[in-house]
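Note that the chains take the letters A, B, C, D, E, F, G, H, I and J in the order they are written out, and that residue 1 is the start of every chain.
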């Protein structure tokens, strides 16, 4: 079973059983963002995690094995995104990308924020003027090596 | 004077006088991220802010006026970005865009995080294993209207 | 059942039974434009709406459930559009986009018209020189936040 | 003088003299939307209109002549748009294009809404929950000819 | 049955029965060009026409119904065209597009030739130096509306 | 002097002297369509033609020489066209390209209509229901060679 | 049976029976290049040729008929080519295209080399320093028509 | 002086002095195709060749030096080509690329025809039915290395 | 059986039997990099190699035969790559491509590094500060031929 | 002075003085590859390095300052590359990218090779069968973080 078929089966089972990403994340003791990304085929579960997920969703050993494949990342994304929610993130890179570059360089010198040694958190904050979404990106600063 | 010429003049003056974005931000009492984005022509200064900036950088009234034009946003960005720092942000959208969509929908229902009623903060966190960059995106949740 | 399959089934049933979008819209007490967009997988029905639609079209509970999934928007659109009717809308953005930007900025300052807190209406107006189509877009003005 | 240079000169003069599009529109007795589009090089002024505009903005006969050239339309637009305001219009075509097609076909049969025999109006509506922008597109319905 | 499946079935039946487009066109009393375009899913047959075609090609009522759907136009075209015959038409637009614009503007003022209120004819002319193809495009002149 | 500069100079002189393409075409005894295309840098004038044109427009020998360069064709065209008039021609290829292919094959066998051994004519036809534009494309039929 | 399915069946039969393109070419008395191109769906076999090929490869009458369809050319090609062998040909056009244009114009005047009234030959030449491939393109010179 | 400026100066001088590529090629004892490609900035002249060319065209030492720079190849090419002559070459790759791959593999095994260890010749052949152009591509066969 | 199906079957068998690329490479006495590329359909196995692989993976003669087809290279790659690991390689070409060109020209003159007469090696080097990956590209220098 | 102008001035001075990249690299005690990349505006010199380079090339303090700007990387690259030397590197990613991914994953697990904490070396190896180029890429292995 390849990873795409596996992803589709997990999502279908999850919908049918009405189980949330948060529930699965807690069961494997991981953050909801990382767990969701791994279910969507952008990160890799280890054997223990894969087993727990398949028990929760009542899926067999083929799925369990496929959840441990190192995935091809990003292949299902559409760029520029057509979905308004994802497009707004793209627009932030379009409009603020150079700003982020200048501010990081001013604060930390020539280098980048890693997207590999990296974590993300997403929170909803209730607010009387309208709730807000808070996304926190946290990546290691990697200075450019000279040689 | 159009906005592009104005941006180039501000950046050149800033480099020559060795003035930081942080310094300008404090002078106009705004966050460094917003200030940098406005200098780079992605947001608009009001009359008071424009005046202070031109005093700091010793620029004339034409620049002061041009800093108040509502800019065409995003026109100088290259997508996909070629610069590694900006590309990593793009990659986060590519790899985690759908994840963010699912988590926001699970937490807040059908809607988006606004990129207009929106603020951003960037911090460097010192860390013995290597410093880290923390970017916080904070946008209003806008539910899809039905009619 | 994913949303694409669901959409195809609804459209097929609708064609077979010769039921109009207007008829469905009235049954769920919504505007024809919003109703059509939701059938085409660009908006989400709530449980009551989904139930009524499936009764009208004689579709089962799987479809009813799938109509309530938060959809990936815009994925089936072709840009630039190849269909002449849709292309004319695209052409209006191409030719009049900057005009609309300038007029909104002159009337309301720096900000955008929301496409989320947004409604649309479409009317045919009879006219002896040839009937006319009138499309009204109505979105909340969102001023750019400064921080 | 070609049309691009002419457009740049009119906009610079307009900015310097702090004259609004509305003011120019009234002087030539036309709608602000059409007038703005013609200043931006997307429509053509007649001799009388061109003369009035050059008097208001204190521009010479070369500009007056150039304002009457039939322009190449749409050449300065960026698609997909990078500016958030214009992108939201594009997103409406992306998300609702097929919807508009189906509703027009249901109401008027096989044909299109003309973007040539066409007018547009833009209004700001004050609203305690936040002002709204209302854009009205009004185009002739052209049925497909059979032969 | 959607329109794409319908098109494939008509073409297969036509090939099997060795019936020409000309033959079908005469049976429904229409021009061969329009008839061919409608068979290929670019125009819509009315009920009478659809019935005659299905009788000639021995196809059932589902096809008859599908031939009357208002089609999504242009979706199967490849642009730029890879087929040499179709590319030559594209090349004519590439090389002579601006020429046609200038000549129409000189002859008729600011406006366009409609591609909707439009007919086309294709003839082969025998010629001792090599036969020639003559394509005649005939569209209504639509002047740009001012408002 | 390269061909692009030459084209710009001819068009500017033509505008200033208010001379039509038709007038130039008659002076060199050629069709207005071919003449316009050659002025726009898509065909080549011979020495006699170039001389006459430069006399009419009062241009010097450098222009006369440059008008005889074999041009790079199509380089200034934008595809897909943004100008509505030129787009309608593109749309005809998009919507009717395959139709034209099938009709030519049915009438003349496997081959193409040449865009080189080719002429075009454009006429305005007055019509009480609205004037019409008639474009006639006439190209040699080239059968595919077998070897 | 459409042409794509037909092509796949011929290639599979050819592989299974270990028959070369050269063998098929000789059987129908044509050049290996033309024969290969026609098998790959870029040229059309006549009835006799189709019959011989189907006898050699033991294929039925449906294939025989499909081999005589006038194909859509070039639709399976990837441009720019990803396969190194085909890319080298593309690179020759990229690097030497303008050179070929200038040399043909210098030798034969304004016109093109036809790709329709055209033959090609491919030979391997043994060479102690490494074998060489020789491709000969031979097309009719078509001068641009003036009118 | 960079290579692009150098190329423009050589071509202008060549046009002014009405000197052919053939004449320059003979003066440096090279093939007209290679010579033309090197003038157009796709190959490199050695010191002796550069000197002869500058003497013929009466150009100074800066040009002479610039003609010896190793050029960035292919940067001025437009792909797909808009010029009909160059497009026909592109079309040959589009239509016959896979054919050439199969024939070379059948004749010589797995490998490519080099575009570096490569020569090209272009001839006009007079023919009563219309002159023909013959282009011969001759490249080393490079077998894929296994390791 | 075509090469794509064959690749999928080999990978599935390899996963099921938990056999490494290294193990297969040793069995056929080839480098792991070359072996992996050939399994992924980018190089060709000879009859002996194909036989050994099918024995190890317990696959039949159809696969064995298909492994010997000369493949279409690069067709499954996504460019720009979406997978972060592959993108980093692409980024190296983006950022350092011109650097590599200049250094090779300075060291070896005008020519290229062959990607056909070419080998590659990949090693992991253990390192207390974090392991490193070392990729060595080794290609024949091919000087540009003059003629 | 921006970085692009600075780069052009350094390259022109280097050409005029006939100084090699190797010479500059030795003067600042760095590898030729890194030095060349920094001159080409893909890496940043520190103050001491910039001073030495400007002394060698006889350039003033404005250049010295500009060499220390953190550059926008990759903006001048053309992708896919048109230059054959750079294209071959791109082709290696196209053909072997997935291979490299699989081999790194097999040797080191789920993670990437950094292109930031990264060095490169380029050597020419003399060889009687034709010299070879050896490029060594050496990057830190970054395992994907789980959270």
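By our rule, a residue touches a chain if its C-beta (ideal position, glycine included) is under 8 Å from a C-beta of that chain, and two chains touch if they have at least 3 such contacts.
Because the structure is predicted, anything quoted here is derived from the model rather than measured.
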Those chains that touch chain G and also touch chain F are E, H
Consider the two chain pairs A-J and G-I; indicate the one with the greater count of contacting C-beta pairs. A-J
Among C-D, H-I or F-G, the pair whose interface repeats that of A-B, with over half of its contact pairs matching by residue number, is C-D
Taking each chain's centre as its mean C-alpha position, how far apart are chain D and chain G in Å? 50
Whole-Å separation of chain centres (CA-atom averages), chain E against chain F: 24
Can you pull out the residues of chain G that are in contact with at least two other chains? 33, 73-74, 77, 80, 82-84, 91, 94-95, 105, 111-112, 114-118, 142
Full enumeration of touching chain pairs: A-B, A-C, A-D, A-I, A-J, B-C, B-D, B-I, B-J, C-D, C-E, C-F, D-E, D-F, E-F, E-G, E-H, F-G, F-H, G-H, G-I, G-J, H-I, H-J, I-J
List the residues on chain J that touch chain I in their complex, please. 20-22, 32-33, 36-37, 40, 42, 73-74, 76-77, 79-81, 83-86, 88-108, 111-115, 117-118, 120, 122-124, 127, 129-142
Would you pull the chain I residues touching chain B in the complex into a rising list? 80, 82, 84, 87, 91, 94-95
In the complex, chain B residues that touch chain C: 30-31, 33-34, 43-44, 70, 105, 109-112, 114, 116-119, 142-147
Would you pull the chain B residues touching chain J in the complex into a rising list? 8, 15, 78, 82-84
List of chain D residues in touch with chain F within their complex: 2, 65, 69, 72-75, 77, 115-116
